[in-house]
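What follows is a single structure, written as structure tokens, with notes after it.
First chain written, first letter: the chains are A, B, C and D, and each begins at residue 1.
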């Protein structure tokens, strides 16, 4: 509003004055100053969660800042991530990947729901979790029952399954790894590997 | 004393009334130690992330610099130079961005009141609400830093994370830097730290290592430790002795009030002439003479 | 890493070779810059390119890709010739004095026992000479011509500075400058650290690259010492954990191994894993193998694993060969695989010879991709023009794509390179219907169990009797799994000396692997993690960063395996009497009664120094191995072999050019290119702006390095008329990449065995999904051959040709 | 007296329209330009809807003004060619200032002072145009270097100030010399005015009607 008033006042002066209005400068006239407060600190009252950068093996500590205070009616959404200054390795620093972690979480190409591509199909088809799990399990069982090697050529018990393989992630947690290991090994799978090899 | 500002002002663009000056603040500075910079661009990423900016995905034009210049989104940019210095190959990597001059050319050139401010701590900040997008700051800057947005026609550049500094945090780039090539603190502390770094570099054989804090702009609040401070230009064209252009001084200095005075004077001269000599009015004789001339001609 | 990231600050010399820490691990590299500033440490970088690490170095030496052993072998020769070794350490803590069998020899590039038809060695002769009491013979004077020290001296006598220059291209004077700096750290108060990564592993002799440096570190007395060690900078955030937990063809958690076809029962299996001490009084910690195995079996099958069924020995698969990824895709390519799961893994981009991978995936009946991102692998059947030509109508593979959570959306632990298990917490819900991998595996397991319960099928028992007693069987909580990994008592465990007293109560979390038992009274998924979740709670979530001793060990931050030990082999930092070699950097010491200090001693803490127990307690001999016996397939001493595609014949032994025991599949052999057709050496690598094929999906990183490019030196560019920014094509015998040329001074032409050799650098990050410009990916070009021991593909050295396509890049 | 008064046409309606369009545009330019020139006048941007719009419209008004000025130039340039009498007029300008034109040569359609104003306006306009284009970043930003832009700003400012002074002179002269303004408003002047200030022109006009 302040500047509006100024404008009107300025306009009045202008109409009153002749072309020599440029001499207004002599009045030392100066518009009211809009307050130049710096941008508000965007993390104020956000919720902090400690995490570990999922990229390389330095294992930098990060702090994730999310909107909302975990109240029931508020959906948390992470708006910013920066280095954890207490972490003994990274001491608050991050690399260009870690500094941009927020864009990994919010990547346009993040998958949202299970999809299925039928033989010869040109497109993905969205399916339910139940359908996906059911189909995959049936595929696995059919192959395992058909190709499971209980004994080798010498008649020795080997109980291995080599016609379906599993490539495990290297950024999943130990707990995921353990759950995966239990399922994969109990099936007798040996075509089993992770990123350590490459 | 009363002020809503979270940081006190030292200067305000295009403003004839001085800001309150009684309170004193500690000057801050960011020190960029080029000898420890690995060019990882973490600072660039953190800057985009913190300031909620996203750069266009461009193309590679045959160098590591991406984007290829500062933009309205990229307020800091790693510039890479491959060069043989004194017979030794060096890959010089410099983080480019606003130097936060003590005597800021952008602020001097800015015609919009309060669009550019300098806080007492030395940070030069663009207050976008007040920016009219004229681009005078670009012309005023001795380091070619500000960029005008294609989207909103406002000028943008590094704020030294004034929002973070105001609450006692370091700028995003300084905090993120993995190798402490960027440090942040009071200017005094940064100069002391630079001295230590320079001593280390000299021990390692870089005889002309030194601090870049150019006096031509009154010193800066972003300083560099360079291995070759005698040749700053080899670091992707860092100016050797930056100064506000004399042309900018010419148009923004004393000539400005003088020019206005000239205009006023012209008007005054007219007014006084009128008062002393009065109007030059057509007399009856003139009309008669004119009529006579016409009649003569008609005959 | 034998040490930890922050410990790098304690070093006097950093050697970055086979890695590029500044670029791939910037926040870890911080500690190099700290060492440089505060300890005046020097940094040597040896690499085929002047990298971002090199930009920080005091000495940079460019070598030809794939010649690291030649360089390091030369260093060993220098150290031995100039007697720049830590003699006391070498004499007492390594096997330098041990006598090797008389029939061991090395001739014309081959060790004794080579079988050309099998491309394998009979490694029987690579062994210690044992005396009648079953212990290794030794000569403490190191004079016996059959002792390891002397054999090593002979072996590396060929690696003269001139030979190093001929093979690697490193100028002799610079090489000697590096040797001199390295040799200085043989002093007890000086230490060097080796930081390496995939630049060493991704070769047909990757394991041996690392071993050569390990030998140097042992000669210098730098293992077990703060600021020293062999520091493998692991690539991914939890690659360490995945390997610890044994998610590999032949592993059981904690580096136990699956039985093979020749081990029909548990007793036979244990025979080769008992590890009887080879020197008197040694710890030989693997003697506890059975405790770890049995507790693991109990974690898997609980009550169903009993002494009577050999702890369910038969339910674990036996392997005939190792089914590593190269073999998996070879089998797939042969049409022998039905299904394949990719959990957070993008093999189409990550593995070598993409054309072969594409053809292999087309032959699958079904492919399951679990990933947070739309990977190329999941879309291999889609036509993406020249970046992924495909005809979906002809591809019969069924593909399932299952959305998973990312780090921010789950609790759990990741293990960093310094072996720290760090717990993280969920901060937000996943997008859409994405689920944690754990839930997906649990749902899959539940469905399979249901099907087998209903219909029966091949060997259902291991599946049906698997312990799955989680509160919600469809969504086990990470905390439940973590407690299981740590292990607990299954019954009240009595004190053997006083059976009335219970040392463990039923259900009690174990406090360390010392409590693991071989009688079925305890269970534990991974013995190495014992201590991570004790009765005192989740040790991985600890956040006390105090640093007693000032070495950066921070023992109360998170938890590190084994037993929260921060620097492995730390007993070796003390002399025979238990006094720290370098009092300025005390880690542990003998206080007259026990071992104590700032770190957890890597030793039996009551073992008196005068008992003479060696510091390398995992080895039956108690000492570290300069000579590896039969542990590695390709030789007890590292030897320089050329990459499978090399520009020159091996200058040391032209007849044995490349690694003689590296496995090569038949059709891959045919795809190797010749130097006459592909004259330039290529190497592939990561850039700091990107993380493999993930960060091209993130907008900020995509902008920082938007488009695929290829680096070549000014000399080669000039020869080919290529300028920076031109569009060029690089071809190998397996494929091609079109990309923008970056012409640089950072890669120089080398003189190799009298021939000019150019190096071409190919960064790896671009593909056909994500935010960046589309790219081909370097693995269109790379060869399908792996390391002789662990089958890591030879991504780092192969041959290509270069052609200019146009002046403006697309 | 009225019957004695003779009337002479001085400006056609087209010329008048052209002049006043130009005058209005020039005033707008001066106001928006001055607003950006000195902080004390920044409030003038309010007339144009605020700083950014003032910044946006100023160069576009400039373009229009240039077009209209071109019209004036084409109309009047040949009446403003300098003659010998003009130099003599200039030398004796102090008499004119003292309201005594009898001591200077008879003026044609324009006296030397007016011609000077015309040529100054023309030259300054060209300078303003070229320097203005050079600093018009949103349209032609990439065609000039920063150093060239800096020079352009100085030239633009200096030219503008001079032009404003010239315009003030022009306006004051119109106020001071009574009877002038009707030439530009009604298009005609009285014979007396012409006799007094532009006698030569009067004679020419009279001659034409013969």
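Keep in mind that, in the parts below, a residue touches a chain if its C-beta (ideal position, glycine included) is under 8 Å from a C-beta of that chain, and two chains touch if they have at least 3 such contacts.
Not measured: the values here are computed from a predicted model.
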{"item": "Central chain (by mean CA position)", "value": "A"}
{"item": "Highest C-beta pair count, chain pair", "value": "A-C"}
{"item": "Chain whose mean Cα position lies farthest from chain D", "value": "C"}
{"item": "Gap in Å, rounded to a whole number, between the CA centres of chain D and chain C", "value": "84"}
{"item": "Where chain A and chain C are represented by their mean Cα positions, the distance between them in whole Å", "value": "27"}
{"item": "Between chain D and chain B, distance of the C-alpha-averaged centres to the nearest whole Å", "value": "38"}
{"item": "Chain centre separation in whole Å, for chain D relative to chain A (CA means)", "value": "65"}
{"item": "Residue numbers of chain D (touch at least two other chains)", "value": "38-40, 42, 50, 164, 168"}
{"item": "Overlap residues in chain B, where contacts from two or more other chains coincide", "value": "15-16, 40-42, 44-45, 48-49, 113, 130, 178, 180, 257, 260, 263, 267, 270"}
{"item": "Per-residue overlap in chain A, given as positions that touch at least 2 other chains", "value": "19-20, 22, 25, 28, 30-31, 81, 90, 93-100, 103"}
{"item": "Footprint of chain B on chain A - complex, ascending", "value": "19-20, 22-23, 25-26, 28, 30-31, 33-42, 44, 80-83, 85, 90, 92-100, 102-103"}
{"item": "Parts of chain B lying in touch with chain C, wherever the complex brings them together", "value": "36, 38-42, 44-45, 48-49, 54-64, 66-67, 82-84, 89-91, 93, 178-181, 196-197, 200, 203-204"}
{"item": "Partner chain B, residues of chain C touching it in the complex", "value": "22-23, 26-27, 29-30, 33-34, 36-37, 40, 50, 52-56, 58, 688-689, 699-709, 723-726, 740-746, 771-773, 809"}
{"item": "Touch list for chain B against partner chain A, complex", "value": "3-7, 9, 12, 15-17, 40-42, 44-46, 48-50, 52, 113-114, 117, 119, 125, 127, 129-130, 159, 162-167, 169, 172, 175-178, 180, 257, 260, 263-264, 267-268, 270-271"}
{"item": "Residues of chain B defined as touching chain D within the complex", "value": "14-16, 111-113, 115, 130-136, 138-139, 144, 148, 153, 245, 247-248, 250-251, 256-257, 259-260, 262-263, 266-267, 270, 273-274, 277-291, 293-294, 297-298"}
